[in-house]
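Okay, so chain A shows up in both of these, paired with chain B first and chain C after.
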Partner chain A sequence: MTPVIRVAGLDKNYGTGANVVHAVADASFSLAENRIYGLLGRNGAGKTTLMQLLTGQEFATRGTIEVFGENPVENARVLEKVCFIKESQRYPDDFRVKHVLASAPWFFANWDHDFADELIERFRLPVTRRVKKLSRGQLSALGVIVGLASRAPLTFFDEPYLGLDAVARQLFYDVLLADFAEHPRTVVLSTHLIDEVSNLLEHVIVIDEGRILIDADADELRGSAVDVVGARTAVESFTAGREVLHRSALGGLATATVAGLDDTGRAAAREAGLELAPVSLQQLVVRTTTLDGSPAESTNADLTNGESA
Partner chain B sequence: MDDSRPIFLQIAEQLEDDIVEGRLPEETQVPSTNELAAFLRINPATAGKGVGLLVDQGILYKKRGIGMFVAEGARARLVAQRRDRFREQYLAPLIAEAHKLGITPAQLASMIEEAAR
Partner chain C sequence: MSAVTSTPTATIPGGFSRVWRVVRLLTANPTTVITWPLAILGIIFVMNWAIWWLIYINLDSPQADDATDGIQFSGASTFIFVYMLVVAVQSINLSFPLALGFGATRRSFSLGSMLTFGMLSVFFASIMTLGAWVEGLTNGWGLRGSFFRTIYFAVDDNWAGQWWVFFCWFAFFSFVGMIFAAVFVRWKGFGLTTAFILLGVALLAGVAVLTFTDSWLAFWEGLGELGVLGISSSAFVIALLSVPLSHLLLRRATPRG
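After this line comes the complex of A and B, so read on.
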């Protein structure tokens, strides 16, 4: 299957000389058709810049980007198949919600008007209100509705949930799953609320300081790391020679997050009197992106070798 | 869904449980992957992978254009599999713990007799 997105050796620098910021650094990856991807990372990690590059809104400093096999910059053939829902989309000052919906079909070939109407009702969005006057949550809901009803073959949601209450977020996730099942497409979800979406994701890309740290199937990451808890000496002797993502200790007790522990390893840990606790995707991302000289490079090597894309 | 294991394995186990416990009798239709995905709030591809695992093992089979069904003899095969694993999964840790506490096999046997009564 040809990938929807193919990126190789991508760099994006802002500023010059001593003040240069590497927003995206040597990124290479590809996204396959009809999957839901999670683009995860901390604030300022480079998620938004990466999505701007992929949607032709920024120029790359170096490297190549192919979206549907072509360079996306100023390329209508590509961009009409792409929908990018930003955290803070700007609209003309006098635009009302209904104007946004009326203009959407100009940009999105697959726009489903009835579906948009249904979503307006379910999210309780006032159609005659000026966009400027919407609350933060209503503005997010409008973005979510445009993103879903556009049914674009490639849809990006950049932190789409700001200000959305728990009910509306759950509604978004449920509608996304249901509509994705009927109209498969490639969805990239950039989010901080990893626990909320981890079950929706098929594949995960974790970015930190512009670099891609993890590029792996969500189900392969699940259970790939384990917390080993017990007496400090026992934890230390058990983890010797194993790959440790994170350590913490309190008095005589210690916890180590160990990557890639197989059944034999787990049995050995129990044998040594150590407790094992699962690590959620969110915790795994927190631990891989909280760098205090921890071995990000080796983590990358280990976690990406199961890539099946 | 728990965090310690891949979701597709958990889906497969849940369907196996349903078959063993009779909630999904043989020759009945199982929920579609999209129905499973929506109900459990998981990615449809992941649900499909779990169902696929049982298809590969011949526990489920596909009727073209209709959906997935529980195969004839599926329950008996799952029960046989689970009996094989019972010794290793349940008996071994029980015996090990009893040994640590100084409970003899004979005492253990009579405790089980009593508890099951």
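After this line comes the complex of A and C, so read on.
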């Protein structure tokens, strides 16, 4: 199957000389058709910049981007199939919600009016209110409705849950899954609320400081690391020579997140009297993106937080 | 491929419909581009009319003749040109990010903006010409007033010429507004400040040249020779040049939050 997006050696720098910021650094990946992708990372990691590059809104410093097989910049054939309502999307000052919803169908060939109406009701969006006067949550809901009802073959959702209450967030996840089942398309969801969407995502791309750290199937990723818990000395001797993503300790107890532990490794851990616990996608991402190059220092607070959570 | 085909065999709309939907986006709320400017024009007109009435009931005949000459120098109707400049600035600044989010190209956006403001210029020029015609017919709304046929815009007994003068100025203000908006979208406040400084320097240089070469008299004579029609047409030339320039600026612009 031909990928919908193919990116190779992509760099995006802002500024020059000593002040240069590498918003995206040497990114290479490809996204297949009709799947739901999670673009995960901390604030300022480069998620929005990457999505702007993929939609031709931003210009690459180096590298190649192919969307539907072509460079997206100023390419009507490509952009025709793309919907990208940014988290910080700006609207004309004089626009009310109804103006946004009236104009969107002119741009999206697959726009579903009934679906949009249904979503407006379910998200309780006031259609006659000025966009400027919407709350953060209502603004997010507007972006979500446009993204869903556009049924664009490639749809980006940029931190769509900001300001949404728990009910509205769940509604978004449920509606996205249900509609995706009926109308498969390629969805890229940028988020840092990873646990909430982890069941939605089929594939995960983790970006930090502009670099792609993880590019893996969600299932594969979930199984790729495991927490090893037990007496500090036993944990230390077991993890010697293994790839450890994260360590923490409290008194005589220690926890280590070990990557790529196969069946023999798991058996060895149990033999050493250690307990194995699954690592959530969120924990995995948190531990990968806080590393700073070397395995994290053990902090008691870390473990306490983990327990209380 | 899955059984349910997702990617529709998307027929790409033709070039014109891609431009036309930008026109529709820019005019999605007609209150801003049609209703408000007409309403404000109407209010200012009524206020002017009231002022003429107050003047004439207090003047005898020779004084009234003087007043008629003076009223010709009214700038009341110029607001609508400035209003169109503001609308153009707002449109480019705020509709540009939305159009790109909806998947429009910058090229369609530039062409759509040009078409929108071209059409609005035609519309408002026609309204103003109609006003000027009625003004002539009613001997200045019964009070020898000048609202549409002020000294700056009046062309004698030539309705096509009168329309052209209004059209040129609408195009000038809208398209020059587009340039400044494009500068802002591309380089934000810093770019706009720089642009104004450069413009100021250029104007100052022009003044200096005219002063040092003792050419002020020739300058005013030249303007006089051009006349209202000539000056307006020159403004239109600047408007025409603004269109490709604002597209050049937007071509590498990025919508930012």
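The criterion applied here is as follows: the second predicted complex is superposed on the first by the 293 of 309 C-alpha atoms of A that agree within 3 Å, B and C clash if a C-alpha of one lies under 4 Å from a C-alpha of the other, contacts with A are read in each partner's own complex, and residues count from 1 in each chain.
Methods note: a contact is a pair of C-beta atoms (placed from the backbone, for glycine too) under 8 Å apart; a residue touches a chain by one contact, two chains touch by 3 or more.
Given the structure is predicted, the values throughout are model-derived calculations rather than measurements.
> Scan A:A178 for contacts with chain B and chain C and give back first, second, both or neither.
Touch partner of A:A178: chain B, not chain C.
> Considering only the touch criterion stated at the top, classify A:I36 as touching first (chain B), second (chain C), both, or neither.
In the superposition, A:I36 touches chain B alone.
> Looking at A:L281 after the superposition, I want to know if it touches chain B, chain C, both of them or none. Which is it: first, second, both, neither?
In the superposed model, A:L281 contacts chain B only, not chain C.
> Now for A:D219: first (chain B), second (chain C), both, or neither, which partner does it touch?
first
> First (chain B), second (chain C), both or neither: which does A:A152 touch?
second
> Which of the two partners, first being chain B and second being chain C, lies in contact with A:L200: first, second, both, or neither?
In the superposed model, A:L200 contacts chain B only, not chain C.
> Residues of chain A touched by chain B versus by chain C: which partner has the larger set?
Between chain B and chain C, C touches the greater number of residues in chain A.
> Taking the superposition on A as described, I'd like to know which of chain B and chain C A:E209 touches: first, second, both or neither.
neither
> Hey, what residues of chain A end up touching chain B and chain C alike?
182
> Which stretch or stretches of chain A touch chain C in the complex?
Contacts found on chain A: 1, 33-34, 52, 55-59, 74-77, 79-96, 99-100, 102-104, 106-110, 152-153, 182-185.
> So in the complex, which bits of chain A are touching chain B?
Listed in rising order, the residues are 35-36, 173-174, 177-178, 180-182, 199-202, 218-220, 222-223, 226, 278-281.
> Considering the complex alone, what residue numbers of chain C touch chain A?
1-2, 4, 6-8, 10-13, 18, 21, 24-25, 28-29, 31-32, 90-91, 94-95, 97-98, 100-108, 251-252, 254-255, 257
> For a test of understanding, state which residues of chain B touch chain A in their complex under the given definition.
1-8, 34, 37-38, 40-46, 49
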